[in-house]
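Right after this note come the structures.
One chain, chain A, appears in both complexes that follow, with chain B as partner in the first and chain C in the second.
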Partner chain A sequence: MRDVLYLAWRYLVYHRLKTAILVTSIMLIIYLPIGLNVVVEQSAEHLTARAEATPLLVGAKGSPLELALNSLYFSSEHPELIDYSEATMVADSGLADAIPLYVRFRSRTHPIVGTSLDYFSFRNLSFASGRPMAVLGECVVGATVAESLGVQPGDAIISSSETVFDLASVYPLKMKVSGILQRAFTPDDEAIFVDVKTAWIIEGLGHGHQDLARPEAVSGVLSRSEDNIVANASVVQFNEITEDNVDSFHFHGDLADYPLTAVLAVPRDDKSGVILRGRYTDAGATSQIIRPVTVIDELLDTILTIQQFIVAAVIIVGLATIATAALVFMLSLRLRRREIDTMLKIGGSRPRVAAMLLAEVFIVVILSSTLAAAMTLVTWRYGPSVIESFVLA
Partner chain B sequence: MSVNLLKIFACVLAVAACTQDEPASEDTEAMQGPPRVYTVNYPLAYFAERIAGDSVKVVFPAPAEVDPATWSPAAEIIADYQRADLVLLNGAGYADWIQRATLSQSRLVDTSAALADRLIPVVDSVTHSHGPGGDHSHQRTAFTTWLDMTFAIGQARAVFDALVRLRPENETDFRERLTELEKDLGELDRRLKVVAERIGDQPLVFSHPVYQYLVSGYGLNGRSVHWEPHETPGNDQWRELSNALASHAAAWMIWEDEPLAETENRLEAIGIRSLVFRPCGNRPAEGSLVSVMLDNVMALEQAFPASAL
Partner chain C sequence: MIEIGDLRFSYDEGDFLLEIPQLKVADGETVAIVGPSGSGKTTLLNLIAGIATPRSGQVTTNGYKISELQDAARRDFRIANIGLVFQEFELLEYLNVLDNILLPYRINRTLQLDKSVRVRAEDIAERVGIGDKLARYANQLSHGEKQRVAVIRALLVQPPLLLADEPTGNLDPLNKDRVLDILLQYATDNAATLITVTHDHDILHRFQRVIDFKDFYAYGAEQRPENVAGPM
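Entry: the complex of A and B
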């Protein structure tokens, strides 16, 4: 038997190009549906887990999917904004704890999540080093952010401008890292967490500037009366919050009108959750409440439909490839007629010659299957990361 | 449609990148001992101590020498506030460091929230404008709310409600102690009303603009200057007082603390006597909020005795 395998192996090695093409084709046919299935199952499992851990989301009326993806996974597309008063209303209802979310800005590719301290306890996030943000301008970074940016508590991170070409937009804010989260293997690892008020400062809704009543600000003052000072745009606004200038930071107007992307509502119990949802059934309401798990289930249904289409396409292509491979083997047999005759003439029995030819097919299939298994393993381990880098690039 | 589906699909695939294992879950801090209640001023700490007794640990971390209204705690102290089970706020813009700190909203209780319609705005704010934002002012609200004892009782009730939510099993005890506290504050209120009746429309001058709720609550005819008891007033401040006296002939100046003898003598020379009414925003060296307020009331009663009528 070893001689048969040896001859088959030597044949495949000699015709390495043809063998490589065959192995690759069959490997892809085996790998594609399995690898796709692995990725989708991982996605579905993770999506469902995160959604199930998030009871209710309040956001502006619009796409529930956009609201869920932005609030759960910090996707770059943010939903329509709601007022901070929505968070106060949820908290004041006594039915649920309200965790504000303002996921709009980024530092490079990392989302800046404006929220409150309650978010950390809600997600069971613990600190690898440092402490939670304590004052305006401080931030807490996820484990992946800390690794990729190489930051430690005490270092600084700068927010990115929303639009590169808007020269009149708000200056980037330099934020001090106060703590680093332990790896949670969730989108929280990729995020930079700030107090929601710091997010408002990034937007320019709150700011710190020179005291206009002081002499050093005189060059920026256009006019001054007993009860009003008008300054020009040259008045120095701080783009870093330090111990020296933090007292000058302030917000104008009513904070209740300030924007949020969502409010994460954590009901006291099931009944409270139902009552709270009932309060958002008014057709004229400008906000909506969603159960992320419902939205994600609908999303998964869509994904499974896509997956089924893709798998069906792969199966058709696979059948075509198998037919092509069979044709290649059959043509190969014709081309090898003289070689087979020679083997028979020098004493090779027909069964052994047939065994040798079958061994060639067997080796090709084994090689393809092994490679497909290896690829699936790699996909299971690294596939999502590679896809993520493509999506976020 | 197909583009949207592809976007959704790509997003979901990207999400899967974030997970391989279950997150390690662990409690960040094992809570031991009674719940910790942090406050932003001494009156609230006093209310909490009176109502809760030993059931909770009440912490008011401001150093003795600072005014808690304008104090800015270090980040480490803010971290202590973050770990508290309950943070009692005075409201009315008191301790505006709260606006710049990150605290868990679910643990904050604004003790004057239910009394918002009785808050007194400060009208001397200067507006400013720069850039496209238009005019804006840093509008302030008078914040020494507890000097009106009825307001203080309202705040004490808010403290009670918050403590009951924290320790519902102690509600009966808390209610009994609240009743005692209300009785003390009510007695102070009664005596203040009596002495205010005797003061009537007599003009008073306050050394600092922190007595708005005393003036409002008891119908006093007061006007404030901005003098510090332990600093010698400058010529501008004397001139300001003189201008005020032209239309407001006060015979008494009410101080936050004992004024310098030199200042007191100079005031006496122009016919103004001094008395001390301590707001007691910070923990007193001796006594308690009620005993300090009692001293304040007695000082007023001595200054405006019933026999003077």
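Entry: the complex of A and C
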């Protein structure tokens, strides 16, 4: 057997280009349906687990999928905004706890999640080091963020501008890292958490600047009345919140009108949840309440349908490839007629010569299967994060 | 000893017919077979080797009635007892020189490949001047070198019978002599029988006996249909 395998191996090595093409073709036939299945199964598991752990979401009327993806996985596309008063209404209803979410800004590729401290207890997130954010301008980072940015408690992270070319847009805010979360193997690992008020400061709804009552600011004051001071652009605005300037930060207008992307509603019980959902059935309402698990199930149904189409296509292509490979093998036998005759003439046994030819097929199939298994393993390890990044981009 | 009696052979298609009433080749004898193309010289070698079987009559090779053996038994007998050399060398392109020489040991389990065989292969290769080319592939060798590799492949199992079909047909004079030297030296040293089909009359003097298929026509043609070969 060893001799048969050796001769087959020498043939395949000598014709390495032909072998590589055959192995790759068969590997793809084996890998594509299996790998696709692994990706879909794992992604479904990841997506469903997160959705099941999130009972209800309140957001602006519009795409439920956009609302769910932004609130659960911090996707970059954010839904229409709602007022902070929605959170107050949910909390005041006594039916559910309300956790505000403002997922709009980013630091490089990492989402900045404006929320409250309740979010950490709701998601059972614990701290690897440091503590929760305590004052404006502090942030807590997920394990992956800490790893990729190389930050520790006490270091700083700068938020990214929303658009590069819009000078009137959001200015970067330098935030101090107060704590690092333990790895949770969820999108929380990728996120930077700040108090929702810090998120509003990033947006420019709240700000801190030079005290206009001080003499050095006089040149910047355009007019001054009893309850209003108008200043020009020469007044220094702070882009970092420090112990020295934190008191100068303030918000204009009514906080109830400030924006959120969603309110995470945690009903006290099932009945409370049903009642709460009932309050959003009014067709004229500007906000909606969704069960994330329902939305994600619909998404998965779509993905599964696409998967079935792809698998059907792969099977057809696979059959064509196998037929082509068989044709290549038969043509190869014809081209090798003289070589086979030589072996038989000098006394080679027919079973052994046949075994040598079959061993070539066997080795190709084994190599293809091994590669397909390795690819499946890689897919199993990295596939879900890749597909999630596609879904959530 | 090779003994052929009342042999009659034809192919399934075509009207070729070979008849040999009697032919004997003694152990250790070196024989050259000459004659026109298509007269049956190569067919005779195939019958002696058991590659082809006669319609009737007997072929006895080294005491075995090879024409009566089953196909698998004939192969087992051939691989261990007969060294075959072809005009076109018939080396496998995807094997290097050493693997080509060792091929008989890998394609029939009658022969066992072990270290002593490898050492013997390397030793013979060294003696015939290709010891430094064992790692090369066939397409990296000259014609003379290829035929020497083919000859070593035939000699490696130390067969008592060598059948060579125009072994010098594609070689220049220097390599022709070299290959003949190797074959004849082996036959002498091992008291082996050597039967060579050749068109080259310049080398006939080196053989103990010459069988000319043309002689057969000289005395048998009137009684036989055209293109029928017969005994000598």
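Assume the second predicted complex is superposed on the first by the 377 of 393 C-alpha atoms of A that agree within 3 Å, B and C clash if a C-alpha of one lies under 4 Å from a C-alpha of the other, contacts with A are read in each partner's own complex, and residues count from 1 in each chain.
Assume a contact is a pair of C-beta atoms (placed from the backbone, for glycine too) under 8 Å apart; a residue touches a chain by one contact, two chains touch by 3 or more.
The structure displayed is predicted, hence computed values, not measured ones.
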| item | value |
| --- | --- |
| Which partner reaches more residues of chain A (counting touched residues only), chain B or chain C | B |
| Chain B versus chain C as contact partner of A:His15, first or second or both or neither | second |
| Chain B versus chain C as contact partner of A:Gln182, first or second or both or neither | first |
| Touching partner for A:Leu65 - first (chain B), second (chain C), both, neither | first |
| Touching partner for A:Ile112 - first (chain B), second (chain C), both, neither | neither |
| Contacts of A:Ser43 with chain B and chain C, given as first, second, both or neither | first |
| Contact residues common to both interfaces of chain A (with chain B and with chain C) | none |
| Residue numbers on chain C that touch chain A, as the complex places them | 49, 51, 71-72, 75-80, 82, 84, 86, 90, 92-95, 99, 103-110, 113, 137, 153-154 |
| Partner chain C, residues of chain A touching it in the complex | 3-4, 6-7, 10-11, 13-15, 338-339, 342-350, 352-353, 356 |
| Complex interface listing, chain A residues touching chain B | 39, 42-43, 45-47, 49-50, 65, 69, 73, 75, 87, 91, 97-98, 100, 116-118, 121, 124, 126-127, 131-136, 138, 178, 182-187, 189-190, 195, 197, 209, 212-213, 220, 227-233, 235, 246-247, 249-253, 299, 302-303, 306, 381, 384-388, 390-392 |
| Chain A partner contacts - residues on chain B that touch it in the complex | 5, 8-26, 28, 72, 75, 78-79, 82, 99-106, 125-131, 133, 135-136, 138 |
